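Report on the structure given below.
Chain lettering (A, B and C) follows the sequence in which the chains are written, and residue indices restart at 1 in each chain.
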């Protein structure tokens, strides 16, 4: 499977890689080892010693230096071999491990799996609307047993919430809502407007005042290629008096792990009841039920049903709720095609797409 | 693997699909969902929503209508979409699920996986000799981890009973028996005659009078292409005085699940001690030991040994006990070849066998 | 994967096949059944009845005769069918099971998987330096989840001991040692000389006098194609006064099981504290920790990383400690090439290597 490579993917929440610890993680089908150097900067190396292919995570991490557990070669945080205990101790020229640019931002570690020269941290999209000093943020990590595109489908399609998450995120009003979807650069903005209905159960729980009364509910989701989503949910008393409106910013980040699995990072921010740890726990439990116990089995079952075939090729039935997802997939296909057609730093084994080059 | 399709297969015992419940079952490599419509008639749909390929069994069944668990599309028992909760609610033309003809007969649900136009219930073979109002019937369902042809081999070859089932079905007399095997239309009739020997342990248990005395034992098995067997076992005092003879009618039905597994339905009828629930339990335990604990591991081990190659291609050693099985396989090959050569309703990707067409 | 076939492999420790018992073992990807004939001689048959491919290990062993559990065909220790209970009882010509020459020597059963005519027991290498009447021998069997070549790499490379086995076999002195590696016929002799250092922890434990003092330590390993290693470890007071030197002979035998797993037989001999069962237990525990808990996970992880590709093809970084292993692999490649180029008794499907024939 071909992935967009010259792009920042989220490798981990920053606190999943504490100083002195190793995190093994597969990204775009490659086995990586994440850890922190002596200064605390997060780094990523290929999880494989160039000598006998021992996984480096079986070795020791000391002051930001990885010692291979098999023969004691030591590699620094950039993947350079800095110590060879054998023979004359000369460092062989081949003794280096592939390293990947990593940036820490928005509580996360962002990794660049493409041309290193182009790894500009300024390209990391802005998620400060969710993760900022004024918000309390509840964060999640899940490992869907499904390709990341199935998760994008899932997240951009709000029509499923009423059926799969009736106890938390869904409502009759969402099914009856109006939707507007537009392209903005490399992003797709999807807006949902569900006036004069019951609030979803989770919103009724978070905002007592919306319980049992009709509200106006809106959602805006922005998909940023290839697999980041920034959203905000709004709630106001029905009739558009927004003096008492409430908003909940959230984000969803997906990173391909293998062709049939992905990493899923989600977060919900709030600027009220900020020190309420019990509320944190309730949100956490609710999200883990909705995403972990409702979405995960569904997307895994679909992945199994597809058996490796891309969903589009099966000519599925399309419903109105699919619009944003279909637009996202289309844009993603174009971006991948474009990237493969570009002159690459390292020539790849794939023939360039001549039609694209000519066009 | 190519299967005969224009034929009735047994999908389930009728009571495996109670009203209001769903049975997920794979048949001829296809994932199906069996349930009952509002009138209680059993139906079978492809277990896959045409929208996002969610398995329909993850949804809800209400009054014979399946609601997809992901987006709430509702399908009736014929697979037609009858409700679309999204957008303008129009039912898209593609919104239908493949359905399969199902007939309920002989306590079982029969399914037709071929051309629907040819699904004539009159083609279901008659098993009323086993399942009828005058008999008490003990029924079994097993899931052999072996191709259905290995199970046909097993069931048509009675020579194995003395070795694999010495405590129940086998006897020295069966090994020494004479056999006659003949073709009758699309069936193969195999007759075994084992005079003047000990009754098999199970028969001695069922009929006390045959315990410790010499008996004449006969068996007749009729294989009906592709995978149904109707049999009767007879026992009489040695010397052919059949005044005190006893008979036990039985059946064995096989349905391909995948290329290396199948569904196995078996039943034994009796017209004596009909209300004896303890006897039911003893028969059940005996059969489950013989079939479940003795045959199942053996055929699964052979399936593993074959590793996907058809047994004939390995040029196995043939013994006299194999005759009926070999004739059955030969007839099955011819029937499959013939079916593929026929002008099909939907053109298949397989080239017709010209030699067959010409012949 | 192509293996050397006209060679003796170790199939089992002799006591893994007690009289009257069956041992199922896969060797060079073939399923075998080992047992003893009526005279107690170990034999090996293909674990598959030629009739219906039932694994013979599911049958009965009586006085050196295997009765197939499915239909009662009986095979003697040479694989000849000696009883057919079915029909007229004639033994069909095809009723035979492949048998393999087996020799019992050095507490082990050696098997010949090539041309039977060439199975000369004199070709079994001599391991009497380890297994002899003057030694107490502690033996092990392990089942590495790695190709046997990865285990040869592991065993011929002593540089890893300091890192993977620091509590038992490794020492700083071994890393700093000098190594000499030479070819002798179809063997490779690797000598290690580590003067004036601390003894490895296991040696300090076995020989109290070497605890806390500097010693001279030497190791000699002889690799005998394709997968046998005979070794001896020596320890003496530093300064080459060998009056108080001690030696420990050992052996390592590898047999391919599948392309990604192997059988590993190891033994350590000693001529001191011979009746000390507690010492046996301590050696056993130490070896099982070093080999079982340290080497096994490492080679299995590397096997997973290689994903079926031969390590050489990945152009790994080479260190000085790899010399003997690389020479062994090179010699093994040549021997396999040579064997395939030889006129074989049974023509194989592989084209002979013409370059080799011409050379």
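Quick notes on this structure:
The rule is simple: contacts are C-beta pairs under 8 Å (C-beta built on N, C-alpha and C of every residue); 3 or more make two chains touch, one makes a residue touch a chain.
It should be emphasised that the depicted structure is a prediction, and the values quoted were computed from it without experimental measurement.
Both copies, subunit A and subunit B, contribute mostly unmatched positions to the interface they share, with under half of the numbers common to the two.
In this entry, subunit A maps onto subunit C through a rotation of 120 degrees when their C-alpha atoms are superposed, rounded to the nearest 5.
Subunit A and subunit B have centres, each the mean of its CA atoms, that are 48 Å apart. Contacts with at least two other chains are made by no residue of subunit B. Interface residues of subunit C facing subunit B in the complex, by the touch rule stated above, are 31, 48, 50-55, 58, 67-73, 84-88, 92, 94-95. Residues 153, 157, 159-160, 162-164, 175, 297-298, 301-302, 305-306, 311, 314-322 of subunit B touch subunit C in their complex.
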